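Okay, so here's the structure we're looking at.
For clarity, chains are labelled A, B, C and D in written order, and residue numbers in each chain start from 1.
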């Protein structure tokens, strides 16, 4: 359902993915086989160790970039869901010093600092995909304790405590990029204060607000009868 | 129906709301329980005093920000419908001195002055939601006799004499923000004159024009058979 | 069908209209009663003299702005179809000297000169609607032999030899405004030459090209079985 | 299916086309009769020599601009599919020196150089359509060994080794134009390096990635059951 939601809301398209830490085996995660998020169903979900190895005898091809997720699950016990996406409005922010810091309350969930990881720094010219645990760890180090990290010329990674929340964070990154860009063309951007970001994000990430958003997203994505 | 219309037209999403003064008890208002506007039905409507207290023994959770509405109904006997929303194109205008004054006739309904309320001025760092009568009154004072007030880093509030009209005003705020932003990039914005705003808004807010717009909105929102 | 097409393509919404010269009585025109173009059906069409008087004993309310059309039909025997609309991307061009001259071949149908009519010039402060023959004539004089005229702070009027063509011209005005605006932000706009506009518009307005476009529009607007 | 995909994704509209080299007769190509891509079906496909002559006794009208394709098939034995389209975001880049070089990995498929062909250079004022083999050859010479060429005031042509790939290249041109334009308004554009373009495009144009994208596109275009 998170895959369908993020597809419907224009965050992921034929590429990009969302995944979740295994609810019983904390050192594993669940992620679809390599397939467009818009198309997949329950049967497409595979199980991986944190090192990206398939659990069991599964012949299906996984996403090359799954190593992003394993590396973050290792480093961040507070994180239970991760997305990697290329929502177009964030691309301009991946290659310069313009801050994506939240400028309106709904975006507070992306938190105060949004660092940028550049594959050139440690790996030089690559095919731009994070397809090794080494690259996953490198990105995870730049992400640190933040909720969103940008990838130069590529996209971003978003993390949260659960699937509902990581959807809100993923949309928040896109929904903040657009008005920041627009505001820069007509005046100064006034970001939220540290206190506002702390308080607004706590409120938006509580169970009641997340349930309300989820209820809205699944209806839009066509799960109206659920 | 107003909730569905404003959702369909992209004014409100999982957050934001529209409500109406009680047609019989002028000191009460009707507002949905805390639920996404796109999803709600007639049974979700709750009744409140102007101080935001639930009428009767209703166990459902109301919107935290309902106090916006009660405070305005107290101060503005001419107002019978209020929306609070975060339509994205208005966000850049909530944090600077750029005027949202109408630049084309369809936006005349947002009226001559569009003041900005900043939660920092009286309340300092907050979670950005107007969840007390005190904040509601503070906003209502800034709104004054105008039809739209912006909320810094947050969104706006729109008021009108009835539900049809408040939908037109809500869309007018968004529909004016976009061309003002675009015009600033290629030249000078020429706002409508006071006389034009008075005459055009009177014409657009008459019953016949509102009925025509409503007829259009409900067809688009899927109420075609009504 | 032209009403439905222009609604579906985002040219007209609850306001704006399209009409056609009467095929048998050249001094009359056909225009819907005052209703949203998206909703209307064959039975909504009314008949008017060029002075905007209803033919026969028709109790329905006509559009206030019908006088735009009558005045143009009087002055331009080559014109058999007219639209009046407020497609948002053209609004920024109604209030400054930035030229809307075509910059790509599909927009050549809007022709070389796009004059602007300002209601202030002859009428001072108004409610911005062209609701008299006097205003219609004033606009028609500014339009002259061109295909599109802008209305300051309001929208535009488009004319052509038939309904198919006036739809293409109406979309051309919007479709040219967007890239002109975008190009101004990254460099110089190079408009088409006079020769290119003449030849490209002649090609696009021939029967075969118009039939191909019409075939596309009606399928999109939901008339797939026709 | 490629026609439907490109229509649904907003690359082609009532004009623009996609075609493929004949799989058995390498000196022929398959292209629809002159009809909107969104509407056509299998029966609309016609067969042409590389000089644009119809194979057999086919009474239907072909696209005037088919000569683009024949000229490229002659010059580029590695190319098996070609599109010609006017996706709006690329129009501003057809008339200035602003580089469309890829700035994010998904756009790497449009390759390092994106030359511009101007009909004025060899043909002076025209109706802007490439309706002769002479114009086709002129464009093909400017395209050279690249994957995309822009046409001044008109649109672009995209080539690839197969239909899946030419869809990805066609969308890549549009999807790169948008963030390049946006980035120029807030800072410097950092294009991908030569090595990154080589490696990322090779990865995206392999069979597995193309199948995943195709699977997504056909579901969106309404071929969900296939």
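Quick note on the criterion: a contact is a pair of C-beta atoms (placed from the backbone, for glycine too) under 8 Å apart; a residue touches a chain by one contact, two chains touch by 3 or more.
In UniProt terms the chains read A, B, C, D = Class II aldolase/adducin family protein.
All of these numbers come straight from a predicted model, not from anything done at the bench.
Note on connectivity: the fewest steps through touching chains from subunit A to subunit D is 1.
Listed by label, the chains touching subunit A and subunit B alike form an empty list.
Placing every chain at the mean of its C-alpha atoms, the farthest one from subunit C is found to be A. Chain geometry summary: the mean Cα position of subunit B and that of subunit D are 45 Å apart.
In this assembly, the C-alpha centroid of subunit B lies 32 Å from the C-alpha centroid of subunit C.
In subunit D, 185 are the positions where the chain touches two or more neighbouring chains simultaneously. Across the whole structure, chains are in contact as follows: A-B, A-D, B-C, C-D. Here subunit D touches subunit A in the complex through residues 103-106, 108, 175, 178-179, 182-183, 185-190, 192-196, 199-200, 202-203, 208, 212-213, 215-217, 219-220, going by the rule given at the top. Taken in their complex, subunit B has these residues touching subunit A: 13-15, 34-36, 38-39, 61, 86, 88-89, 91-92, 94-98, 120, 124-129, 152-155, 181, 184-185.
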